[in-house]
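Below you'll find the structure, written out as structure tokens, and then a few comments.
Order as written gives the chain letters A, B, C, D, E and F; numbering starts at 1 within each chain.
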Amino acid sequence: MSVRFDLTTFGELMLRLSVPLGERLEATNQLDLYPGGAEANVAAALARLGRQTAWFSSLPVNPLGRLAASHLRAAGVDLSGVIWQGAGRIGTYYVEFAAPPRPTQVIYDRADSCITQMDASQVDWDLLLDTRIIHLTGITPALSPGCRTLIPTIIARARAAGIPISFDINYRAKLWAPAAAQAALTPLIQGVEVLFCSQEDAARVFGINGEPETVLRQLADSSAANKVVMSIGDQGVLAWDGTTILQQAAVPAQIVDRIGAGDALAAGVLHGWCEGDLPLGLRCGVTLAALALSQYGDFVITSPEEVAALLAAAHGTSRVSR
Amino acid sequence: MSVRFDLTTFGELMLRLSVPLGERLEATNQLDLYPGGAEANVAAALARLGRQTAWFSSLPVNPLGRLAASHLRAAGVDLSGVIWQGAGRIGTYYVEFAAPPRPTQVIYDRADSCITQMDASQVDWDLLLDTRIIHLTGITPALSPGCRTLIPTIIARARAAGIPISFDINYRAKLWAPAAAQAALTPLIQGVEVLFCSQEDAARVFGINGEPETVLRQLADSSAANKVVMSIGDQGVLAWDGTTILQQAAVPAQIVDRIGAGDALAAGVLHGWCEGDLPLGLRCGVTLAALALSQYGDFVITSPEEVAALLAAAHGTSRVSR
Amino acid sequence: MSVRFDLTTFGELMLRLSVPLGERLEATNQLDLYPGGAEANVAAALARLGRQTAWFSSLPVNPLGRLAASHLRAAGVDLSGVIWQGAGRIGTYYVEFAAPPRPTQVIYDRADSCITQMDASQVDWDLLLDTRIIHLTGITPALSPGCRTLIPTIIARARAAGIPISFDINYRAKLWAPAAAQAALTPLIQGVEVLFCSQEDAARVFGINGEPETVLRQLADSSAANKVVMSIGDQGVLAWDGTTILQQAAVPAQIVDRIGAGDALAAGVLHGWCEGDLPLGLRCGVTLAALALSQYGDFVITSPEEVAALLAAAHGTSRVSR
Amino acid sequence: MSVRFDLTTFGELMLRLSVPLGERLEATNQLDLYPGGAEANVAAALARLGRQTAWFSSLPVNPLGRLAASHLRAAGVDLSGVIWQGAGRIGTYYVEFAAPPRPTQVIYDRADSCITQMDASQVDWDLLLDTRIIHLTGITPALSPGCRTLIPTIIARARAAGIPISFDINYRAKLWAPAAAQAALTPLIQGVEVLFCSQEDAARVFGINGEPETVLRQLADSSAANKVVMSIGDQGVLAWDGTTILQQAAVPAQIVDRIGAGDALAAGVLHGWCEGDLPLGLRCGVTLAALALSQYGDFVITSPEEVAALLAAAHGTSRVSR
Amino acid sequence: MSVRFDLTTFGELMLRLSVPLGERLEATNQLDLYPGGAEANVAAALARLGRQTAWFSSLPVNPLGRLAASHLRAAGVDLSGVIWQGAGRIGTYYVEFAAPPRPTQVIYDRADSCITQMDASQVDWDLLLDTRIIHLTGITPALSPGCRTLIPTIIARARAAGIPISFDINYRAKLWAPAAAQAALTPLIQGVEVLFCSQEDAARVFGINGEPETVLRQLADSSAANKVVMSIGDQGVLAWDGTTILQQAAVPAQIVDRIGAGDALAAGVLHGWCEGDLPLGLRCGVTLAALALSQYGDFVITSPEEVAALLAAAHGTSRVSR
Amino acid sequence: MSVRFDLTTFGELMLRLSVPLGERLEATNQLDLYPGGAEANVAAALARLGRQTAWFSSLPVNPLGRLAASHLRAAGVDLSGVIWQGAGRIGTYYVEFAAPPRPTQVIYDRADSCITQMDASQVDWDLLLDTRIIHLTGITPALSPGCRTLIPTIIARARAAGIPISFDINYRAKLWAPAAAQAALTPLIQGVEVLFCSQEDAARVFGINGEPETVLRQLADSSAANKVVMSIGDQGVLAWDGTTILQQAAVPAQIVDRIGAGDALAAGVLHGWCEGDLPLGLRCGVTLAALALSQYGDFVITSPEEVAALLAAAHGTSRVSR
């Protein structure tokens, strides 16, 4: 029996306001604006590849909410499950892209956004569950008490309906302390279909240190996840498919904008998951992550043709194609 | 005995994010950024004219707070009384400048900014009261319970110290209802030295309708203010100096950006007040207001030379001076 | 029995490359880019109002085709009926917005675009006819022999299926001569449900001159259309509903960009048609046209809330709403 | 016997640095850059109309000098007579385009530019005199002692060679006082072929006041010029052709940038002069002036086709031509 | 007997529309515009060095044609041989500058441009042949049947007049297949004075593979060209002067824009050819190519002084010169 | 007894007009504008770190002078000692940021600026000497005869008042020859408290060559300075504290804009000097220099928090902090 979506997801989308490399945020008079949010990034990337995806969240009935929606619709994401609020705000965050010795800086201004007001009664459960997989992240439970309640509810209902969960830890130190994150997230990731966790988050949140393969195995053990995908920085990803460890080197890329690369990786892996082919997913994942690094914006803009060409090529090139 | 400042003021400063006329906020990918806030606008305009002014408020210790401070310092405003908070946000507001049939739209995102957390213990009272006049507006009491308590405290301490108050009603319908504003503001304006209230706000907040002169007299009666300045739209201002009614026509201007024109008017009037010359203040006020209309940004950028030249001229001109 | 779309349409979408007022196209080094096309403009405007619309056409499988599609998807238009061609071009046109004495200039570079290669075998007829009305324009038959054949085929199949036709004359002097247009268009508009024709086109294409009401009646007589909507320049529109003549004054607007205003008018009229309320349609039409004039781009960007507010207001205002 | 150029000219070209309307020069972080100079403007405008023109001056051998030269060459002006100096500066001037009540402001920074160092030995006299007419302005003698000597030398040599002079008074109050200008210019304009002088300059420099026709006649009397062209503000021009007074109304225009309009007028008049048709020249002049007003930059960018179309039309239009 | 031009050339010029690195073409709303075309690039670069050059082609009588002409005139190129067409288009091409893993992408939209309509009757043969050398490329014969006929005609007439030919293979895979190119180009390059062919094109078009020196010798053998210049990627160039092989290392450069570097190389080589000094030409060639890489645009903007300074320096430097 | 300022300084501030990397100055139509001047850069950087600093100079009473003042005030620099001139110019300089093989180019247009007209009678000596240290550079004596007299006067008065001098050689080859600089500067630097001289300037101006340590010792010997700080290019700095040689490696940085890095180094060293801790000063100096390299503009924009974080970190990082 066919389902409507390949993937549904629930999470926050913010407006990102940034200054380009070399300019100081505190001295600018113009800001670039892009939408961004971990779950929306995944849904948009998969839609760009031709997948049917839907994003569930809440947006204000004002130009800022419509701006966010336009970007998602342009990517091809279904928004039927969005709750439009007459009053309420959309979160924002500021980015100062920077050259060393300065790190790229992020300032969040996301408190009390529309999604933090949501509860289970506002979710269109039939629609949310009409999917092959639901993707969630460790950001959402940190947003508000309502969200901290809602995420376990979604997981419970998905389990009851036999819908697998994809979960990306995505630890945000500016939202909560490691111990709080560990306490909240550990029960949520038990038995998920796909668990995404960077080696850095494994150490910070779960206190798992050591060689990459050891960390991966411990993540698998402690979560009982069917598949675990662990990014190991610029080197690529390591994955556990339930029986063996797979390794996928990163695609060399020139870094224009780091933000969203992890979500692009997740999207690629889930694209492969939809095909029942985790190795393909890992290759797609590092390819999408490299594409995300090479362009501005949290959303990765691409096409099936572009990803296919990059998968076919040994590696990217700086030559002009004409 | 000389005092340090000509004018001190307490209020909120926000970051204004806007799109130019002809573009839709919901379809933009770039926002212009200016600082703005009724009280800061007044302090900055007076400083541009060579007056000693100080702005009291609270800002976050981050690039956005520093951006706001830089603009005020550039204008020449003293910031010794600003409370810097390690955590906290600066309010923002979005503006879509528009051509008819669309009105220019403002979307506030100002809840829970740093100033809303302030209380009397954070005010450097010696500094705030070391002034010839304190300027306040009807916006601040609407921001938070703390602010609603703080404004009467400032007024009480000022009275105890014999410092006159300038108060601009500045009703904001998106912050509170007319009745709430009337209840809160009526006691605050009793016996102030200068009361600013537009004819429109007189009707909306205090229910005073009728011919301009009648409205002005009623404002004077009900507030016992020493001087009342009432803007009557594009036509100019009417003022009560305690004995007679003065009228000052508006300076013809091409409207580039309406926001901040009322604050520029107040600054000009207070500039005249400092000279003990209300008619001069009214002429300065309409001149500064016209300058504010003719340029982007809430802060009016000008110089003593420019204002002097405009006061000397019968009216502005579209000729090139070379 | 319910149908899938409120309106389907078939036509060309181009990329518009423009310079702002005051700059010369021949001296620029940067061009603003917007999508535009008479039929796509109508579909997008109706989708912004919440209507279900679909656009049928052909686009190249390259970033330019995807750019066009993104804008339509962002507006909410269904693109299932678009034929994607591996090779082929998207038409472009250049606009030099100008101040008098210069007229705003348009340079078309649209020959041999993808749509000109289309034939009836490429149309998803089930989808195209799953609609309450089909909207066509007099531009498409002028594009290529294929298109000149395809438009009558669409009309014939629609008639066979009982689907009414909306037809906008939209004469383009740079595509064909008046006599050729008259010969081609006269049979196409016989008995259409809604005929749009400006007074100027009535004169240029059909040789109908005289007082507006006379011209309208002659248009109605010669086309046997059920409803005829005739724009009479900046004054508004005149309409024939089969029995009487309706008049609707234009909504006062500041003109930022004239292009697309006629399509916005058509969209508004068809919005009313969907409600079975032509007078409402005329009011919506002049409102959407005024909105289109006040913003850059061929697509009118708006929301149901904005249109409702403007319909409720007597007229637009230059005041700031805050 | 044919000559090489229709018109040669000698004068200064500066770089103009400006901010758009609504922005303050003192608060900007970006400046628009255009070349400009009264004589170069005339040469460039005539070259755009297909005339052979040459500009004589001096430029520094650096990117700023080359920038100026590129703009002139792009227009089609011959630069063989330019003296390139290894050391030296190009003058600049700053413009703050402004909305009322602010006038558009010009700040000159032109002292000691390359041209001020020139003397007669640097002029390629054969080339300068290989022309039908030489155009000079009242700006150049005010630039430096060298220039004050050079201009009479050019006039004397031209007379000796039988080459007529066109002279535009172009009084610049920021360069010299009216009395100094009058003393220097009066001998220079005796018996010139064409004298350009605005009614305002007639009053300021020569003290000639009164009704336009009276002023024109007095200008003609006091200069013994063969033809006198006097602009009378926004109303158009009045001209004396040696026997009668001609009047030409201005072409209605929307003012985007006033600077250069007077030079465009001179170029148009001289275009007609080349045809031996002063009335044509006046029509061309007001047309070019209107075009100059409608676009940014001192140089008017146009083409023979555009001017022909505007001359043919009764007046400009704000309609879109497509 | 002296000739008028150092070099004449015939070929197409297009408008290039691009987005900067990091932005996606399919998501942009603004395009940078530069002119570009292999032959025009060569003529413009040589003119910047003070050479007399002329470009023969066809342009439309519209702002886009005039824009192209302005850039060429600004560089100093003679346009007397350009055929202006009342109707017709100028080709365009789109560039998405990209960071790895994405290659910089080029999308051509050049079919049916004005030059494709040209035939021998439109060429001003006296002017074209009034030159020391004629430069042609392998792009032009691929543009249209007319161009495929015209190029051999030019070569035949040049030979008859004793004018040497410079020919750059410049294979464009998007215009024709290697076999077609080989068939068309092989007869054209027999006995040319200078043949330019990259090592990559030698392999793709002529099937010549192997060590660089071997490839170069085979190119020389199979073409009987007097001089062969072969770029070997980022390493520099190899040249055959009829007797020996010369090698010239590339000048280290930071790549900002690859497009036009090959044409800059050809211009530099031909500059040396004009001096009768091939080694100088190779040094100029790699210097101009490095300059082209370091700046945006197909045209290389430089000056005799800049090239002389770079030739004198061992290598470029990132130091500030002040 | 406490003094008012930590540091006072006297010198010129210019407007810097630049084009970004990849664009040619001679082909631009827009310039970025930043203020800059060696002494002002030092005063602004120290003010950003919370130090009390004052800048003495002269500026014109026009928007350009006010622009310069606004930037300094925004940084927190006291301007009470600035002489405002009714007539006069502010110097400008043009920068073409460039990629190899092109060097970044600087073109000065600074002759006859306001500061060159100053003499001792215009200095507010009480204010200038109310400081812990006075910072001067080797640029100022090269500006004009007045400045060449004024600098020794300042040094003499400072010595008389017991105020130590900080002196940065800052040789500018475009202002004077090495021999002239050596003759003028040698007496000025005798016995200064801190001497800044790059290894390159030691060789160019003073003819001191050899190993870095040897050069440093010779600089110390020949100047009798208490402390000597010598930058050794990208490797960092070497310093002599009167007894031993200290070495401080540079902080790795990505170079966005080299201009101002040397002044940032001086500011950092003087920040440490104020703390009586030269090693801290060296660490601050290389940190501020790295920050200056990583951002556009001559002024380094930073905060005490940012510098503290960088000093605490081993090195900068390209990671995103969120």
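The rule we apply is simple: a contact is a pair of C-beta atoms (placed from the backbone, for glycine too) under 8 Å apart; a residue touches a chain by one contact, two chains touch by 3 or more.
It should be emphasised that the depicted structure is a prediction, and the values quoted were computed from it without experimental measurement.
With steps allowed only between chains in touch, the distance from subunit B over to subunit E comes to 2.
The chains that touch both subunit C and subunit E are A, D. Greatest Cα centroid separation from subunit D: this falls to A.
Separation between the centroids of subunit A and subunit E, computed from CA atoms only, is 46 Å.
Subunit A and subunit D have Cα centroids lying 62 Å from one another. With centres defined as mean CA coordinates, subunit B is found 44 Å away from subunit A.
The set of subunit E residues that touch two or more partner chains comprises 24, 26-27, 29, 66, 70, 105, 255. Pairs of chains in mutual contact: A-B, A-C, A-E, A-F, B-C, B-D, B-F, C-D, C-E, D-E, D-F, E-F.
Within the complex formed with subunit C, the subunit B residues making contact are 21-24, 26-27, 98-106, 108, 172-174, 255, 258-259. Subunit D makes touch with subunit F in their complex at residues 17, 24-34, 62-64, 66-67, 70, 89, 92, 94, 96, 105, 107, 109, 111-112.
By the touch criterion stated above, subunit D contacts subunit C in their complex at residues 251-257, 287, 290-291, 293-297, 301, 303, 306, 310, 315-322.
Subunit B meets subunit F in the complex at residues 61, 66, 70-71, 73-76, 303, 305.
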